[in-house]
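Below: a set of structures, written as structure tokens.
Shared chain: chain A. Partners: chain B in the first complex, chain C in the second.
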Partner chain A sequence: MSDAAPAATAPPPPSSPPKTRGSLFRKYVLLFSSIVGAALLANGAVEVWFLYRDHTELLLRVQREQAEAAATKIGQFVKEIEGQLGWTTQLPWSAGALDQRRFDALRLLRQVPAVTELTQIDAAGKERLKVSRLAMDVINSQNDLSQEPRFTQAVARRTFHGPVYFRRESEPYMTLAVAGTRRDAGVSAAEVNLKFIWDVVSQIKVGNGGRAYVVDAQGRLIAHPDISLVLRNTDFASLAQVQAARAGGQSPERALSTEDFQGHKVLAAYAPIAPLGWWVFAELPLDEAYAPLIDSIKRTGLVLLLGIVGAILAALFLARRMVVPIRALQAGAARIGAGELGARVEVKTGDELEALADQFNTMSTELRDSREREERVGRLRRFLSPQLAEVIESTGADTMLESHRREVSVVFCDMRGFTAFAESAEPEQVMAVLHEYHAALGELIHKFEGTLERFVGDGVLILFNDPIPCPNPSERAVRMAVEMQVAIAFLAAKWRALGYELGFGIGITHGYATMGRIGFEGRFDYSAIGSVVNLAARLCGEAQDGQILIDNAVHAAVAPLVECDEPSDITLKGIRRPVRAFNVRHLKALAAE
Partner chain B sequence: MLDTASAGSNAANIEAFRKGLRELGYVEGQNLILDYRAVTDGRVELFRDLASELVGLKVELIVTRSTAAILAVQDASATVPIVMAAQAEPLGSGVIANLAHPGGNITGLSSFALDLVPKLVELLREIVPRMTRVAVLTNMGNPVSVTRWDLAQTAARSLGIEAQLCDVRSSRDIGPSFEAATGQGARGIITGNDPVLRSNLRTIIDLAAIHKLPTIHSDREFVEMGGLISYGPNYPLLYFRAASFVDKIFKGARPADLPIEQPTAVEMVINLRTAKALGLTIPQSVLLRADEVIE
Partner chain C sequence: MRRRAFIAALGAVAAFPHAAAAQSGRMPRVGLLMLGNPDPGLFLREITAGLREAGYEDGRNVALELRNAGGSTAQLNVLARELATLRVDVIVAFQTPVVAAAKAATTQIPIVMCPAQEPIELGFVQSFARPGGNITGMTTATAELAGKNFELIREVLPSVRRVGVVGNAADPFHKPYLANIEAAARTLNFELKVALSQGADPFPATFAEVAGSGVQAMTVQPSLPRDRAAELALKHRLPLFVASAEAAEAGALMAYSADIAAVYRQSATFVDKILKGRKPADLPVELATKFRLVVNLKTANALGLTLSPALLNRADEVIE
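Right after this comes the complex of A and B.
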């Protein structure tokens, strides 16, 4: 706050505190809410990540299981046909057996609707029997089939799974051949309509929008709930999941997130159909797969949002709790700065801030008390010596002013001829003389740290060694008296020039007196009572202008320092025995330096 | 629907079709209106008028059965999608380009009944081993019948028997056909299921009984009426599947992209009562193939 700058251009002082307050407030709110927000975010992210992982894992496991179940079913379907074919290869080829074989073949067609055509080949590779649902039966054609894979492969490996082919370019078929266990049993080859696999595949429910399908070892679609796709002879070999299956098909996961043939994002799991080298795929649209996850993420997000809002509110609240007391303290300090000592700050937070505020209040009270004391001391100083004022202020007037008895040196002094002067002179002149007189004396009283006990017109009573103890009270008294005589002599010369005949006498005694408060409620004085005081007044009365009369006790104390006239025994009023008094002429040179 | 038989005589197929639609969530009167039109007495020339009528009703799709019906619809509108319920020979008759990609605005199912014609010859021969001549009752006015006749002739020849063509263009031709068949020593009859024949089913069965001629058909309805044996696709199943094509097209699929489906099963029905009346013993090899036996 610059006083040099004109008030109009200077930034208004009140704007400064709110600015700093705002920064602390912002800092707290930002820090707190970002810490809490970050914690919540991290927690939410971790939670979502685990949720995502578990959810994906679960979905894929379910899908894989579905694919595996379908693969098992299809595998069983093929195995069953193989088993049925195996029965037809039990008999040896002998004459007359053809009719029986035809019945067996017809029975097989009846039991296995998927088999459209059954061909029986003898051990030499000659076609002996062909029974068909669609074409005319062929009996004992003796066509040479010995070079056909269905014969050679079946003989070599007992069973043969031909590639999938499409009758009329649309019906999926496969040749399945089984060789008999006997060497002369030959081979039974069946044309199997794979549309029956469709039933298996279409029964698999993968979620709501998911599907299962089967591709052969070359990646061609064999079965799909949408029959049209199969009938159109669709090639799936380029799909990532099919490539994955064909490439590293034995990897334990057998699942991936990819795209289906229409380019939709799907979660795909697959399982091999062991005997055929085919694959069953179960696909679930990603949208559907992650719908619950997304819901849950939304929920987490909402909780997160609420958490952050809560954190901000809490931060606002805490920052307020923090800043409001600080601001109160600031305002309190400002008030003290502005001079309003004893300003109090009300903070009820029950924490360190309240302790700080209490401390502040204590400090402020102390400040006020100290200021008041200083003021009091200032006031006292006008009447008392600064030392006395300090003592009274620091020890408390009450103890100081309690009645007590102490050995003191008492100085009494007054002017000679003052009564006559006061009667003849104008009051203004009297007051002017008194003023000069008191000023001269007061300066010396302060200098020698005497205690001004009272003024009585031109009479002045000064104590030493009370209420503040001092070393050599009598010596101080005498030294002061000598200087007083010099000072008043100087003034008297001046007054004489004005026509005022005024002199100055001093009496000094030393002895015990009782000091204490006298007076009544509303007006108390500090007063010394005792014969030593009376004696000082009497000695003063006896003293001629320029004389300093001291009693025995004082003389005893200051004898080495002063030169005195011969003592004279003086009879004083009210004192039965004459008192020996010494007039101090001057201080010895030794002491005068 | 534009069919070859009256709603009454085609009830099994229509009901199967309705069932298919119901399973796909269609409810008649709520989200589906089904109009049925059929020619009677094999008057296929009437398909033209009926097709125009249906197109005039602004139908969204027409389910048909016969080649003549398809041609009539294609003449009446180039845009209304056609679903074939059981087309005998869609490739040979030229209504589609390719089974996998039919092209145009037509798709559906093929019965491939003609494929089985040699099998019919074989089965009839097996039941009547001494047969040397077989009569083929078919409407040569229907384009698919030419193929039917060719296949039958070839199959008969391979079995060492004669085939005799009895061209039935209308109900008036049926009586004379039987006269001709018995007159020339035919011991069995193979019938087509052309609209003309289907609408004269009763007459054909009665005449076969009178002439003591065993008959074989593609369609089990003949056997249920008293024919001896049928071997062919399960037609209600085809009609049931046709509903899925309707559904796909309603949901926006282009018919040209929907491959033609073929029947997955062939069923044989034998009427043992008829066999008994004819004094025939059905051999074990035939009985083994039978899916249903009417006693």
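Right after this comes the complex of A and C.
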């Protein structure tokens, strides 16, 4: 999000090169993408495993079912021949029946193409009739077949399934014999051409490249889609699947992954053809069997890859969201460290980081305000006592310094004989005297919480009741003046010892004046303007050494507290009417308390 | 280095189409060799149908080289050598004499018997299961079936005592054929009049000679001209029994033989396997599995014979 970018336009301060830059970012990206990647990988692996298991299970089941279906069909093929043979054992062995039997036999040959030869044996085991597709028929040969298994086994068990043999060492054949139900019915034995099973197995489609085939109990191939293999009398007994079938036969699995006779990897399932002891196998090449699985694994892998790429992108995005504001905060802190107070950090993430940035901004603003306040307090200290300055600052009244009009008591004092002293003395001596003088006055100004308006050489202007209002400004002014006279008198005695003839006079007035800042940007002063100020200066000018001249208004306020000389009306320069002035001699004892 | 490999790869890609074209451009060639008499019509129809079933079409993905000797044994040998010189991929030989001619012409090019009789006795193959040489294919047990046809004579015409036989001296199979016939005659108590025809040309004269010797029924070796045999038999008012369904269709009274159309068709599977790279030495000889009784009722009527319903019932095909 672009609005998360810091608004800080100032270049990062060179003092704090971001040495650790990117480490948090890298950590976040690594952590996030590895967690998401691991989750995706685990999910993919589990999915693939289940896919593999289900797919294999399904494939084997389908193949097993195909093998079973084929086994059923082949079983039916044999059963059908048995049924047909059963019909030929119905007639009794009476004279003249042979012709009828021959017709029946010929009909059977017509109906069952797989039967190449049919032999009918009477109850005594004598061959009575042999009908063949290829050889000439033999009627009533009376050959003794009573010891042959096709006769003995059929009589004993009603049906006889002979072993597979190969005519001309090539065509697979089997003898199938059925005994009649009647005691004297005899036996019908058929030579069955097993090439006809080819029809069954070649119709079974096992995938595209798969096949079904049949082996006999000895593992010899008797039916295969490639008839050439059968006619070559191929022995499959050594194949793992055939061995498994012959050995463990009835295990419920009846499927395995193995190799076919050409060494190709196949998935083989098998089913027994129960009465014959034969086995049907359905084989599917592994490549084909697992092609869909491999496809879906590829798809899963692709999705996984996309997921991990997405996770990395998301991690980059999230880490950026996290780190960019932190860097903005870092840069902001660096700017503040470099002195740029009030530096702001813009973070719009709508979360804790934004709250943090807001707090940072608040802190920064407060820092700047506090610095400004300190500067203001510093300025105010020029006018006020430290405690007053603090009070004004804490009330936050910048407006106090705004231009305003108020009733104030104004104290003006300076030294007598200073001009002459300054002319005659060394500048270092002048400075030393001024220093002692100002130090003494300053202490008292602070004590009485007066506002030092300005120094003019040895002249000092002090206000009361502004900018901080105070009770009894005139009284304070007078008390201060009295103490000033005492303090300066003490100094003057010292100076006199040094040979400096210096005195001290004070004028105090009370009335309205206009106060406020004067000056220009970079150099402001707090100043009082009005006739009351001029009057104080003039009174001071009139005062003798040791005198404190106060005007009427001051006198009215402090009369109960002080002892004054008789007032005298003084004509002052720049003031038309004479002004009545009182010289304060000392404080009354009561007031001094 | 990498650049050189790239250029080499480019060259290989550029060269590949030529190689591929050269390979696919050379269509496999199948020689169909026949004597021309008896008529090879059904053989040609069925073998091309069989090849089509296996996915081959003349001119598209296989080139069929038909060579018909017009009945001349000398010409047959010439054509056999021609096909050998052409180096066709496989020769399909129609009937035993043609297999013999092809065998004489080449021991390299695979030969498919379509069909041949007694292939072991005649030295075409070592065994049914493993032919071992360049010849394999179909066989139809015609020698045995000759005996079955004699059985039919006894069954249909119980009064017959003398049977005339014309063998084909040009067909090496005539010896086992005649041996079987003689064995069957002994079993059935027939008197035989046997004569050999040197191929198709002297056949009518030979047939006439036998027919005129007081025989009551006739048979001829299936590699002799069928139409001519049927025609002559009718002319001499003699019932003709041949171990060839095509003969019954041509006018012989009846025939018990392999389902010859199926045999021709099945021969195409050998061509297919050989074109796919199998060795004829490893392709077992296949014996026909279906056998058919074909009765020509028209001929029976012409001869004034009444055939029993049981027999007609047994017949797989009755020509009316």
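In this section, the second predicted complex is superposed on the first by the 375 of 593 C-alpha atoms of A that agree within 3 Å, B and C clash if a C-alpha of one lies under 4 Å from a C-alpha of the other, contacts with A are read in each partner's own complex, and residues count from 1 in each chain.
Basically, a residue touches a chain if its C-beta (ideal position, glycine included) is under 8 Å from a C-beta of that chain, and two chains touch if they have at least 3 such contacts.
Just so it is clear, the structure is predicted and the values come from calculations on it, not from any experiment.
*Asks:* Label the relationship between chain B and chain C on chain A in the superposed model as either fit or clash.
*Replies:* clash
*Asks:* Between chain B (first) and chain C (second), which does A:R168 come into contact with in this model arrangement: first, second, both, or neither?
*Replies:* both
*Asks:* Is A:R182 touching the first partner chain B, the second partner chain C, both, or neither of them?
*Replies:* In the superposition, A:R182 touches no partner, neither chain B nor chain C.
*Asks:* Examine A:A135 and indicate which partner it touches, taking first as chain B and second as chain C; both and neither are also allowed.
*Replies:* both
*Asks:* Classify the contacts of A:K205 with the two partner chains as first (chain B alone), second (chain C alone), both, or neither.
*Replies:* Touch status of A:K205: no partner.
*Asks:* Looking at A:H404 after the superposition, I want to know if it touches chain B, chain C, both of them or none. Which is it: first, second, both, neither?
*Replies:* Neither chain B nor chain C is touched by A:H404.
*Asks:* Residue overlap on chain A between the chain B contact set and the chain C contact set?
*Replies:* 103, 106-107, 110, 113, 133-137, 168-171, 193, 195-196, 227-228, 231-233.
*Asks:* Would you mind writing out the residues of chain C in touch with chain A in their complex?
*Replies:* 127-130, 141, 144-145, 147-148, 150-151, 184, 187-188, 273, 278, 282-287, 289-291, 310, 314, 316
*Asks:* Which residues of chain A touch chain C in the complex?
*Replies:* Going by the criterion above, the answer is residues 103, 106-107, 110, 113, 133-137, 166, 168-171, 193, 195-196, 227-228, 231-233.
*Asks:* Going by the contact rule at the top, pick out the chain A residues touching chain B in the complex.
*Replies:* Touching chain B: residues 102-103, 106-107, 109-110, 113, 132-137, 168-171, 193, 195-196, 227-228, 231-233 of chain A.
*Asks:* Which residues of chain B touch chain A once you look at their complex with the stated criterion?
*Replies:* On the chain B side, the touching residues are 98-101, 115-116, 118-119, 121-122, 155, 158-159, 248, 257-262, 264-266, 284-285, 288-289.
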